[in-house]
Amino acid sequence: MFKMADSGPKYFISTKRIETLVDGIFAISMTLMVLNIHLPDSSGVWTNEMVWGIIWGQLSNLFIYTLSFVILAGFWITHHRGFDHITRADQAFLWINVIWLLFVALVPFSTSLMGDFGNTIPAALFFNINLFFIGLFSFLIRKQVIEHELADKSLKPADVKHVYAATLIFPALSGIAIALSFISPGYSFLPYLFIPVALNIVHKLQK
Amino acid sequence: MFKMADSGPKYFISTKRIETLVDGIFAISMTLMVLNIHLPDSSGVWTNEMVWGIIWGQLSNLFIYTLSFVILAGFWITHHRGFDHITRADQAFLWINVIWLLFVALVPFSTSLMGDFGNTIPAALFFNINLFFIGLFSFLIRKQVIEHELADKSLKPADVKHVYAATLIFPALSGIAIALSFISPGYSFLPYLFIPVALNIVHKLQK
Amino acid sequence: MFKMADSGPKYFISTKRIETLVDGIFAISMTLMVLNIHLPDSSGVWTNEMVWGIIWGQLSNLFIYTLSFVILAGFWITHHRGFDHITRADQAFLWINVIWLLFVALVPFSTSLMGDFGNTIPAALFFNINLFFIGLFSFLIRKQVIEHELADKSLKPADVKHVYAATLIFPALSGIAIALSFISPGYSFLPYLFIPVALNIVHKLQK
Amino acid sequence: MFKMADSGPKYFISTKRIETLVDGIFAISMTLMVLNIHLPDSSGVWTNEMVWGIIWGQLSNLFIYTLSFVILAGFWITHHRGFDHITRADQAFLWINVIWLLFVALVPFSTSLMGDFGNTIPAALFFNINLFFIGLFSFLIRKQVIEHELADKSLKPADVKHVYAATLIFPALSGIAIALSFISPGYSFLPYLFIPVALNIVHKLQK
């Protein structure tokens, strides 16, 4: 294991395989989250009102599930768009991806924590810090690609600045969400709703 | 994330990657559903009669599992047949697919709700509304492909009408199932058994 | 959905996509089974003896997990070897595969039932009947390929007979396991250990 | 099933399919582990302190999750690097891979056992023995490839020695972890932290 170390810093491997692991872990994380929506033991007699109560009690779980699903989908799409031009991977790049995936695979747990205990500070902190690290490592993946020239074509300096700005929006919004967790944990997810707006601003500033 | 917005409405990405996510989420959803069939704690002494009782008590879960599995398989097959001719994806198409997958990944939960509390109105409503949205977004995916010309060959107007009719059968039957949920929730799944018949009628009307 | 019906019995689709779904559902089923090995709530003080007790109490689950894993791996390998020469799929072939996968995805549940309640008749029956249907549909898949000429090369009559014999070994051994379930449910898995021997006999008879 | 036996020891199949199963089982095992981090029933009133208590109580689970995730990622990377040159697979090679995957799929269970009962001897033993077997079968896979010439190019005798040494580091460290389990089960994971160091030493000795 870890035999890659033997080949020195100049060794490059195909990125095809990393994409396979990324695809698998994203698909599973996105689907596993639904298991966090709990149902009570069904034995006994259940009236319509009682079952409405169950669904109603899981509304926050359903909302957080939807939010996490869409955020993960967004990261997955961006990752693949970024990978289109990456033709080789050095060892550091590989392990940055693995740690990134570690935080992605942790999302079903933080989502469950946030869905169940979302109005407490620790649950909101855990959830937002988890998302912050996903965003941070997404940025580090891009940085590694640009600085170590792993892509088949180089970006112009202006484009690099733009890619960095766009990639740092998510960690920045997570930072605000982390701060909000101390004041109003139950609404700390609000910054994520500004992602489309923030991207539009970055896009317009570029012109 | 969501950087696609920067590229304007004319930007197209490969559909290959969407198919990978679709494959993963369908395979996982179809397999996760089996986790909804519960077994009690096995400690203590169990007689044959008691274990027959467990299996018997899970019969409705097994039936709903089979129904959901076959319906998801049907959507998966149709999706791939539709994707054969799609050669590009715009941003709207991408996000319609993501929301569609959100409802697909929710099926293990609704199936569990329907299996456990299927004779109550809210459980049947939740299950049938979930399926309705899967059908509706399947239709929207087709509509987007046809109207935005994402496929490599155009359909004749008569074929478009036929594809729309065939794709709208499922949401229509779900609509009937939703109405049935208020009258007889435990039998609200019955409309889905008419899918093959309905498809045959559409097929014959076309000639 | 099910739009394939419109295209008549002569319509063939690519088998590539079926393989993707097969791969996903096998990998997930094989990995999900491990979730059936239960651990008690870890709160409180636990001595070495108590934890040995937990592991010891899960030995039958571990054994059945291993057996199911190896049997599923065997079916997966055989399926792919069979698919190498299949170049088209008609509608019946597609749905035989879907029902086969339905029984494959059910294996984590039957394995759990067998692991927890394996010394009762209903648990052993359910497990062995599930495996019987996987074997039967494996045979039906082969039969469909041969009779409807879905492969790129035809088999000689002698080879067809041999393929049928080899494919029917598993359902035959499952049949014995079903009979054994009534006499000694806890040992009803024994026939499966004879698979390699039975294959050797078929192989020698062919010469 | 197991029909491969009929084709005799000289029969080779494509390694492409094995890689698919390997990818699936690794992605699922790495993601399933997160399900072992438990949350209590969320009904009732929860204070910040109580939720900090939950997270704190799951710290050992989070640590073991991270360790197992990184170890599995390492095996996955090494496996794919090894597979790049493998062009055929005989029957023994296939089944060594299946048994290797059986131990990989068992990791979510051992990780859960180690996370929950890690300060008891049996839990630490089970975890470390599981990892030992993964390492051992990784070595056997390499050995099979080299001795049965399944790769498209042969290694020089010096390289073979080096590959064996690098591949045996993990089982050796697992062996130390197994011994440590009897003395200090809660710290028996320590040897795994020396993997990068050990690989460096092997690398330098080679020169």
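Brief remarks follow.
Letters A, B, C and D name the chains as they come in the text, with residue numbers starting at 1 for each one.
In this section, contacts are C-beta pairs under 8 Å (C-beta built on N, C-alpha and C of every residue); 3 or more make two chains touch, one makes a residue touch a chain.
None of the values given here were measured: they were computed from a predicted structure.
In terms of the distance between Cα centroids, subunit A is separated most widely from C. Subunit A and subunit C have centres, each the mean of its CA atoms, that are 36 Å apart. In whole angstrom, the spacing between the mean C-alpha positions of subunit C and subunit D is 25. Counting only residues that touch two or more partner chains, subunit C has 23-24, 27-28, 32, 35. If you sketch which chains touch which, the chains form one closed loop in which each chain touches exactly two neighbours. Touching subunit A in their complex are the following residues of subunit B: 1-6, 13-14, 17, 20-21, 23-25, 27-29, 32, 35, 38, 94, 98, 101-102, 105-106, 108-109, 112-113, 116-117, 120-123, 126. Note for the complex: subunit A touches subunit B at residues 23-24, 26-28, 30-35, 37, 39, 42, 46-48, 50-52, 54-55, 65-66, 69-71, 73-78, 80-81, 84, 135, 138, 162-163, 166-167, 169-170, 195-196, 199-200, 202-203, 206.
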